[in-house]
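Naming follows writing order (A, B, C and D), and every chain is counted from residue 1.
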Amino acid sequence: MVKRIYIREEYCMGCRLCEVHCLVQHSKTKNIIKAYKGEYPKPIPRIIVEEKGYVSFALQCRHCEDAPCLEACITGAMYRDKKTGAVLCDEDKCIGCWMCIMVCPFGVISRNIEGKKIASKCDLCVGEEVPVCVKNCPNEAIVCEEEK
Amino acid sequence: MDRFHEKDISGCGIIGIMEQSGKRFSGRDIITSIASMRERANGLGGGFAAYGIYPEFKRDWCFHMMFENKSAMVQTEEYIRDNYKIVKDEIIPTKEDKSIKYRPLLWRYFLQPKEEKKKLHYDITEEDFVAKTVIEINTRISGAFVASSGKNMGVFKGVGYPEDIGRFYRLEEYEAYIWTAHGRFPTNTVGWWGGAHPFGLLDWSVIHNGEISSYGINKRFLLNYGYVCAFFTDTEVITYLFDLLVRKHKLSFEVAADILTAPFWDDIERQSEEKREISQALRIIYGSALVNGPFSVIVANTNTMVGLNDRIKLRPLVAATSGNKLYIASEESAIREVCPTPDEVWMPKAGEPVIGRLKGKNG
Amino acid sequence: MRYVLIGNSAGGIAAIEAIRECDKKGEITVISDEPRIFVRGKPHINYSRPLISYLLGEKVTLDKMPYRGEDFYKDNRVELILNRKATKLNLKKKEVVLAGDRKLPFDKLLIAAGGMPVIPEIKGLNSGGVFTFTRLADARNIKNYIRTNKVKEAVVVGGGLIGLKATEALMELKIKVVIVELADRVLSATFDKKASSIIENALGRKGCELITNNTVVEIKGKNKRAEGVILKDGKKISASLVIVAVGVRPNIELVKNTPIKTNKGILVDAFLQTNIKDIYAAGDCCEAEDLLLEMKRPIAIWPAAVRQGKIAGFNMAGARKEYPGSFAMNSVELCGIPTISVGETYPEGKGYQVLECFDQKNSVYKKIVLKNNKVVGAIFVSDIERAGIYTGLIKDKVDAASFKEHLLKEDFGLISLPKEYRKHLVAGEVAVI
Amino acid sequence: MAKRPTPTEFIIERDEGKCIACQVCVRMCSNDAHSYDPETDTVTSDSTKCVGCHFCETICPTGAIIIKRNPSEFKLNANWSAQVIRNITKQAETSGVLLTGMGCDKPYPVYWDHIVLNASQVTNPSIDPLREPMELRTYIGRKPDRIELTAHSPQSTEKNKIPSAMDYRLLTKLSPQLKLETPILFSAMSYGSISLNACISLARAAKEIGTFYNTGEGGLHKDLYEYGAHTIVQVASGRFGVHREYLEAGAAIEIKIGQGAKPGIGGHLPGEKVSEEISQTRMIPVGTDALSPAPHHDIYSIEDLKQLIFALKEATRYSKPVGVKISAVHNVAPIASGIVRAGADFVAIDGLRGGTGAAPTVIRDNVGIPIELAIAAVDNRLREEGIRNQASLIAAGGIRSSSDVIKAIALGADAVYIGTAALVAMGCNLCQRCYTGKCNWGIATQDPYLTKRLNPDIGTRRLVNLLRAWSLEIKEMLGGMGINAIESLRGNREQLRGVGLSDTDLKLLGIKPAGEAW
């Protein structure tokens, strides 16, 4: 059964816990205090929180069915995981040409230039049952549901 | 009181026999039958109700009285005389029995309400007038107790094993078309003569095995309709409920059973629409009359004998027929003791009443 | 069903994937004139053309070149004919004739032959040390030439994308490069002056010389080896390596002298079919719809080639899909400066509104071009984060009147867009697990 | 004049070793108690701004924050406590009436905690609610004293032959009833005092469980009409939001005379809270104070109430129950009796500990009587008068648990209203600052930054969970008593015993002391 991540901006309180947990999940130690206080380069979150007035929402890769980043990627680093349907970036192959950034209409791919330049994006927390942003959103503004 | 709490088995024995043709028979069978369930009693109470025993006084209200002392009797008689013409009164005949240790003064009165009193209470029925008298005596006069108050019937009860009580009252000398008997194993009220079963009011008699968990609300519900429960007994409550539902609200025994042991909502949902509407209304209106907790009960009045089990059948109840005779008892063995080969024997379902009616009469 | 695909790059590979999505059984044959590459004994049977500059600059090793893995053809049951050129089309027989006269019958044909480098009129072009730069072989040949000839100086003819990527690669190899550009600036096709100036300055800082408004007229050489170039104005520049990168054009050789209509490229309809039934074209060799200019023209960019290949593949396999059109865009990092240009970046004519912020000191430049309140173009230099949102606005032709003033703000994001459009975006394209 | 500093009520303790300066607390505190210093990349806290709502503590991803009561103590004084001194100081500075939220927090005796329940042993088997049916369905509304069926003639002398339903016909026309699947309703909380998301949570939970929520005097927001079948619409002294569609939308109508937290006092929704949506719902201009008068100015006596009851019944063509809510005061029993005789189909009684969004502290803490005594007195009174059937009783005000519910029912209530418990289920930690409109939990606020913090999906789920859990517990307790239908417990005070109560208390509650048998 295909599950999707839904964003419910009306319930996003803008706490940015999703960012915190995303960062930790993509850190080396996966320990919240070490990730923040002891890791260099500092890990970066792969989720973006937008905020304006009282409206806010978190946004991560939508793993589009018709993903422009897959078409734009010149190296073949960007691929769709056959099993989960997730759009993932093979960081080994990625050369940081930023074609994906150019075409992503959600603006949810960022440059990670801390080491080798690579496109940094949501990987749906490979290996986790539920992405950590979903699991840790205190208000269920990011939810993982069966396709509507 | 401690004597009751030392014992850890519980249960009462009940039996009712009705000759639906109206033919009367002696109390010998009922004594034999209840004696077979001696195990279910503990000697702290036994009793009988008999219908059709005073054909010569069948128009008069017969009060079976228990007086703990002479002054109670004097007070009671004074009160009765104020309101009734005493057609006849006499001691209730008994026979010496070693096992019956203590007994109150047992007296019976055949009464007719005075015309002027009836006029004074033009707004209530004669039954209500009599019931009021009974409740007045029971609650106002210390040491006086009305064991039964119907017409052509009587309740015989006391502290002891029921078969001893039966012999003590010389019941084999009476003839009735309904006999009910009860062997008591009291846990809730101290074993006293008035507290033994059956409980009687007007021509109602109730014998009961069980414990009514809804007692507190049943009692308060009845209060709303003017019934004052004076004895802390479940039988009293059940008697009043039947009186209210059948006599006052003119409901059939079947409907009364649907109130006392209401079907579950889930079952009601499955009923036909008309039936469901009635069942819902019954539960909504008479929710406080729902009798909860384990019980089996035999209720009788002049025309009817009804056996009824609780909603989930937590206490035993068996029924049998033989010709016109209907038997309802705690144990099948108690029936077979006096009717070895009944036509039919069955276990009534939870909340499903077994009803015996006098032929040609309506219940 | 027999599918024959000419070309094994973006368009061809995308078409294979699309065909296989709809048709698991049909026979697919791919023809490519590219040779098989062996890396540590393992065959690599395709590669990503844009990566050749990275290969040359040693930022990528040969084993990272493949675009799809070696199992790709096996998994998709594709017969791959490598190192063989399609020379002729026999439309009546529905056959492709290969070099060596092998004939391949087809039911559906895709021409995704890509582009060819434009070769300008320069004397001495056939000297050793003169290269174009579009294929893997070019990169390897240049590399070998540099190694064997200990090249220290090079001239790159053309300051476009390929020229600059080549320049960058050469600089990585510690070669001094002079760029000769006919226009007044680098990247003149996609950048405006400000954007170009940032890159020019960066190139200058790295020691690259840029000569604009000029061109090479002759390559001087000795022993058939280039030693220098002579410019239009007579100036001489010494160089033992010359890379000619003045542009590419659609490769339409195969369809010449056939009834298949061409302009600059092969003309296709909205379903990527040529005027001849069952013959499709995709990628740099074709001319498809430009979404912004609302006309057909070749758009030689990777994403368009993939999209066209995919749509062509779907249509060949019977799933009717329409090509929505594309527009020029590119993302390239030059001298460590990321840049993105999309759409009409240097508008001429009336009705345009330009929003921009320019921070020369930090090499940051952002420019948004609007026409009738719709975003039609954008340039980002250095700060390219979330550039795709603007691309999306261009593609969806969103009326930006209500949020125009937010377009250049630091915190511009989906939240700045009208709620309905935002909801449409987020609800329309949702994440899958 | 400089404000004289007083010790803060709470201390925010931040464990620097755990704080990762993620600023979640900074973003979340509506009282700005936390702030971030980018220069030092640290988060610091200002305890003077803390109201003790514990939101930051709950949400801090590393558990770096603990909110404590300030250990700073005034000299110990049984009469002049820190709170008393703080209040006097505040009033000396502001000359105002002290405001508060939620229910009375003074340590009056809680009778629930002195009442124990019965269970079956030997003579009466207990019932396992997971194996046997256990019924909590409750009907709220006027009941006739008796049923009328067409006479039937039982022909069958056949044994065990039950006459079929066709033998009877129902003549009694029942008054409209509210059907509750569990004897718990959500108390009146207006849209205005609480957020729309909170209202939606209550409405959805009521629908899912099969019970009702109450609009309070907030009118009915357009998004709530779809839950009309599970809504009790209130008509209060301000008549805010009352119109034909409103009355018709609800399943029942409740005339609000009083509220346990503030008997004799009206309501006041400050203009700042009257947003566009609230203005439309309440039918008052944006930004104006919504003042509910202390009395209904068309009800100065019981016959006036009767007129209103019947006006509302007429207006809705006798299609739904009309009830009256009063606060529990000294005379509650005769008042309730009058209300029943005035035609109310249910009477809701709100006790001393009932909650509020805003009330003068002095009123909340000193006026009214505990619900336990009130419900006992009213139930008794109505039974004595033989009119108990004519109206249902709903007990409200400080019902904290399933045991409170079951005790209230055994004392004589048909059902209970829960307000505070529902809010706690949605997140409330009883900081009692509802009146500030800065509720960090998104409940008692209209600030769009805050209201979105209550996701009604979560609110609904938590409320449903709470009611399910309580219902199950009630079933367990009923089963223990050997009772399988709630109506057998209702008013069944024999199942209750008092512990540590005076003879007078016992008498008023109508229960026996523990140790006394039946």
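The rule is simple: a residue touches a chain if its C-beta (ideal position, glycine included) is under 8 Å from a C-beta of that chain, and two chains touch if they have at least 3 such contacts.
Here the structure is a predicted model, which means the values were calculated and not measured.
Asker: Taking every chain's C-alpha mean, which one sits closest to the mean of all protein C-alpha atoms?
Answerer: The most central chain here turns out to be D.
Asker: Please identify the chain with the largest separation between its CA centroid and the CA centroid of chain B.
Answerer: The most remote chain is C.
Asker: Where the CA atoms of chain A average out and where those of chain B average out, how many Å apart are those spots?
Answerer: Each chain's C-alpha centroid was found; their separation is 79 Å.
Asker: Centroid from C-alpha atoms only, then distance chain B to chain D, rounded to Å. What do you get?
Answerer: The mean C-alpha positions of chain B and chain D differ by 46 Å.
Asker: Report the inter-centroid distance (CA atoms only) between chain A and chain C in whole Å.
Answerer: 28
Asker: Report the inter-centroid distance (CA atoms only) between chain B and chain C in whole Å.
Answerer: Computed value for the inter-centroid distance: 103 Å.
Asker: Can you list every residue of chain B that touches 2 or more other chains, as numbers and ranges?
Answerer: As it turns out, chain B has no residue touching two or more other chains.
Asker: Which residues belonging to chain C are in contact with no fewer than two other chains?
Answerer: Residue numbers touching two or more other chains: none in chain C.
Asker: If you look at chain D, which of its residues touch at least two other chains?
Answerer: Residues: none.
Asker: Which category does the touching pattern between chains fall into here: line, ring, star, complete, or other?
Answerer: line
Asker: So which chains end up touching which?
Answerer: Applying the touch criterion to every chain pair yields A-C, A-D, B-D.
Asker: Which bits of chain B are touching chain D when the two form their complex?
Answerer: Residues of chain B touching chain D: 8, 10, 20, 187-189, 210-211, 213-217, 219-221, 223-226, 232, 248-252, 254-255, 262, 264-266, 271-272, 274-275, 277-278, 281-288, 290-294, 311-312, 314, 319, 321, 326, 344, 346, 348, 352-357, 359, 362-363.
Asker: Which residues of chain C touch chain A once you look at their complex with the stated criterion?
Answerer: For chain C paired with chain A, touching residues are 14, 48, 50-51, 54, 59-60, 64, 66-68, 302-303, 306-307, 310, 329-333, 338, 340, 342, 384-389, 391-392, 395-396, 411, 413-416, 422, 425-426, 429-433.
Asker: Which residues of chain D touch chain A in the complex?
Answerer: On the chain D side, the touching residues are 17-18, 20-24, 27-28, 59, 61-62, 442, 447-449, 452-455, 457-458.
Asker: Looking at the complex, which residues from chain A come into contact with chain C?
Answerer: Going through chain A, the ones touching chain C are 2-7, 9, 48, 50-52, 55-57, 59-66, 68, 71-72, 74-76, 84-86, 92-93, 95-107, 109-111, 117, 122, 124, 131, 144, 147.
Asker: In the complex formed with chain D, which residues of chain A make contact?
Answerer: 8, 10-17, 19-21, 32-33, 36-37, 54, 136, 138-141
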